[in-house]
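The following pair of complexes shares a single chain, chain A, combined with chain B in the former and chain C in the latter.
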Partner chain A sequence: MRQIEVSNCSYIYQPGTINAHQALDQINIAIDAGELTAVIGHGGSGKSTLALLLAGLFAPSSGEVKIGDGRIPPEQLFRQVGLVFQYPEHQLFASSVFEEVAFGARNAGTAEDYLPVKVRQALETVGLDPDLYWHRSPFELSGGQKRRVCLASLLAIDPAIIILDEPTAGLDAAGRRWLKNLLRELHCQGKTVLWISHDMSEVAELAERVIVLERGRVIADGATASVFSCEEQLAAAGLEIPQSARLVRELKARGLAIPGEAVTVDGAFAEIAAYLGGDGSV
Partner chain B sequence: MALFKERLLIGQYYPADSPIHRLNAKAKILATLIYMIAIFVVNNWYGWGAMTVLTVAAVVTSRVPFSAVWRGLKIIIFFALLTLVLNSFVYPGEQVWDWGFASVSLEGFIYGLAMALRLLLLVIFASLLTLTTAPIALTDGLEGLLKPFRRIGVPAHEIAMVMSIALRFIPTILEEFDRIILAQRARGASVSQGNLLKRIRALIPMLVPLFVSAFHRAEEMADAMEAKCYHGGAGRTKWKITPWRPCDTLLLLLFILLLAAAIFSRSLA
Partner chain C sequence: MIEISKLGFSYDKQQAPIISGLDLTIREGEWLTVLGRNGSGKSTLARLLNGLLLPSAGQVCVDGLTTLEPDQLWRVREKVAFVFQNPENQFIATSVEDDIAFGPENLGYPREEIIQRVERALELMNLQPIRSKAPHLLSGGEKQRVAIAGALAMASRYLVLDEPTSMLDPQMRRAVLESLHFLHRELGMAIIYITNIMEEALLAERIIVLDQGRIAREGTPVEIFADQQWLLSMGLDLPQISRLSGMLDQAGYHQFAGIVDFQQLLETILCAK
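Moving on to the complex of A and B:
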């Protein structure tokens, strides 16, 4: 089922002024329900603008963004499309974790007696013990915990599509691992997940599909392994393929008899292990 | 969707290479002050005509496109029109239209027109100062002008520093505010629904994060300044010094002459 359809979409910041800047240039993207897609591209390639357009917070300068059947009024779109901003902890405002997490769900029209149930569920999904955090002020939490609260506040709305703008930025290794697991879990629940990332190995590990943006255009869109096999194209967009993919390719180029096609760490491990005569298990 | 950052452009520096851009900031600030006095001293149409010519000439010389000046004028146009309308109704004189409960006088209309023109010219000229002077040069100029008053306890350097920090952070904070508004709208927040009380309450999720981040930034800024051994104005030297050139003296002389002419023209009226 087609869930997101972006057709001939352009977005221009400050049109008609000397500061006019075309962030997106006639892009076409179609995403089906339940897909786990990564959007990559270097700074200023239009990734964040795309996220804002999909969430209905910006209206395209030209072209069309269709979510679901395309009949959802813009002010109701947030129930369908949940957007987590970069460094979402900057949006915290409430005096308790409960109020913070309930904010979106309340705006979405969740009944007041049902709110605690939703908040509890959302907090459990992000790995915060509801009983411990319920009454605490979100401002006194650590950076990682704040981010969990923000994610919970979005999940409590229960949107079908979840867009995350560099969710792992500024997190420590444990935090990143946790977030990757969360993305997997959301994907398993059948949510459509679109996430913007700078970390190529993270993308290689998780995404089924990768969309590459370069100066507001889609320059590659397809299965993760096939996108990462076009090394030159990615290099032209100022992006590198994941380190593990680079390793197996370099080994193959130096005459090692391996396929040299792996993109993930596990894939590279299996290739090298097979070459060395092992069975690929640790 | 218009963002705050894109809307608030009043008097933003417009880099260009023009004789006015090259003038010393101190001279420009003083000239603007004298202009302000002159425009309220003038009380006849010859004077206002001359001031208009001078202002238009200044805008043309500055090479700032009219569209940039116009952007800052939009809000003032409203006040100028309000001045015109109010004066037309309130000012005593020969009544042109009379509806019984309210009447318009010709003198009032003309006086209103003059007041509106004064307001417009004043704003154009003042915004020309900020359009042609980089914020740092402007605060430096202000510091230079306030320096003589340090003896009577005016903290010249501190005032200039506070101003330049404030100017520096206006765009940053507007950007931040835009981001916060978008982020809360992504969670379904809306300030355009419900009654007044509801709308004011809807501002809390927007304003609390803004203040939190502003205080946070201020603290970080203070730490960064201390880390660079900032300790106020005493003994501080400047990296870039704009010299006071003969043309700056000339500009001041010209404006003093203008003020004298304005005072003299009063006695003619």
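Moving on to the complex of A and C:
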């Protein structure tokens, strides 16, 4: 089922002024329900603008963004599309974790006596013990915990589409692992997940599909392995494939009899081990 | 030289200290990377180095000046510059050049000298084309380079960077790292680099791994990344090349043990048969 349809969509910041800047240029993207998609591209390529358009926070300068059947009024869109901004912890405001997480759900019309249930579920999903955190101020939590609170706020609204702008930026290894698992879990629950990332190894590991933006245009869109096989094209867009992917491609280019298609460490290991002889369990 | 002895710090006396009993010497001109999971004390240690935070116990001495003496603290801040994670958080002026001039102006240098210092910093960091732009209109990578230029204009000898690239895309990240290499190699500036990105950790001459406010281990990148199980237990990731060579080692190809360098792994595979 088609869930997001972006047709001929452009977005211009400050149109008609000397600072006018075209962030998106006639973009076409169609995403089905349940897809797990990564959006990559260097700074200024239009990734965050795309996220804002999908969430209905910006209206396209031209073209159309259609969510679901396209009949959701803009002010109701936030129930369907949840957007987690870059560094969402900068926008915390409430005096307790409960109030913070309940805010969106309350605005979405969740009954007051049902809110605690929603908040509890959401906190459990992000791995925060509700009893320990309920009354604490979100401001006194660590960076990683703050980010979990922000994600819980979104999950409490239970949107069908979840968009995240660089959710792993600034997290440590454990935090990144946790977030990757959360994305996987949301995907398994049938959510449509689209996330923006600068971490190519994370994209290689997780994404089913990758959309590459460059100067406001989609320059590649397809299955992860096939997008990462166009190394030159990515390099032109200022992106690098993960080191393990680069390694097997370089080995192949140097004449080694391997497929040279892997994009993850595990995939690269399998290729190299197979070449070295046998199945890797010498 | 930055000499840190028996350093302790806590934000709140009721709670466990963030840093405790930490001894460390940072040599002039070295590139030191600080690793550790969130909450291990990395950022706190960084802020203790130039007196943004003051020790609760022990002391930090920079070229013989201690951060504990208010009249020495300003000299320390001249020597030890700081670049924060979020480039938004460190601008005060309305143009790039004014921002770079802010440090030396505050130190009361004569106008001629300030101009010279700013010109040189703009030139070295390749910022002349955007010298009169407003900082908030710059890209993240440009902002970080302006912050680094500010340190240059102060003639700081030590540059502390707290995850300076975590908000940048790969291209800007490369540009910032190149700027740092230049400062390190050509001007002999010491780089104290905090990061969560393991590929960046490999650039160091020396790595310390913090855990619960103490130095859990120190060594060269090759030494640190040799013990993969231990690194994982410290809550750290492995660089992709390390993971790959570790898996090959475990699969019985012991010639791959401990390789952290892309080229070296490539050559070793090519020569394996």
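What we mean here is this: the second predicted complex is superposed on the first by the 278 of 282 C-alpha atoms of A that agree within 3 Å, B and C clash if a C-alpha of one lies under 4 Å from a C-alpha of the other, contacts with A are read in each partner's own complex, and residues count from 1 in each chain.
FYI, contacts are C-beta pairs under 8 Å (C-beta built on N, C-alpha and C of every residue); 3 or more make two chains touch, one makes a residue touch a chain.
Keep in mind it's a predicted model, so treat the numbers as computed, not measured.
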Contacts of A:Tyr13 with chain B and chain C, given as first, second, both or neither: first
First (chain B), second (chain C), both or neither touched by A:Glu75: first
Of chain C and chain B, partner touching more chain A residues: C
Partner chain in contact with A:Leu171 - chain B first, chain C second, else both or neither: second
Which superposed partner A:Gly43 touches (first chain B, second chain C, both, neither): second
Partner chain in contact with A:Trp195 - chain B first, chain C second, else both or neither: neither
Touching partner for A:Phe228 - first (chain B), second (chain C), both, neither: neither
Partner chain(s) touched by A:Phe98 [first = chain B, second = chain C, both, neither]: neither
Intersection of chain A interface sets (partners chain B, chain C): none
Residues on chain A engaged by chain C in the complex (per definition of touch): 41-44, 86-87, 142-144, 169-176, 198, 200-201, 238-240, 242-244, 246-247, 250-251, 254, 256, 265, 268-269, 272-273, 275-276, 280-282
Chain B to chain A touching residues, read off their complex: 1, 6, 176, 179-180, 182-190, 204-206, 208-209, 212-213
In the complex with chain A, residue positions of chain C that touch it: 37-39, 85-86, 139-141, 163, 166-172, 196, 199, 235-237, 239-241, 243-244, 247-248, 251-253, 262, 265-266, 269-270, 272-273
Contacting residues of chain A [partner chain B, same complex]: 13-14, 17, 19, 52, 55, 57-59, 75, 78-79, 82-83, 85, 88, 90-94, 103-104, 107-108, 139, 153-154, 157
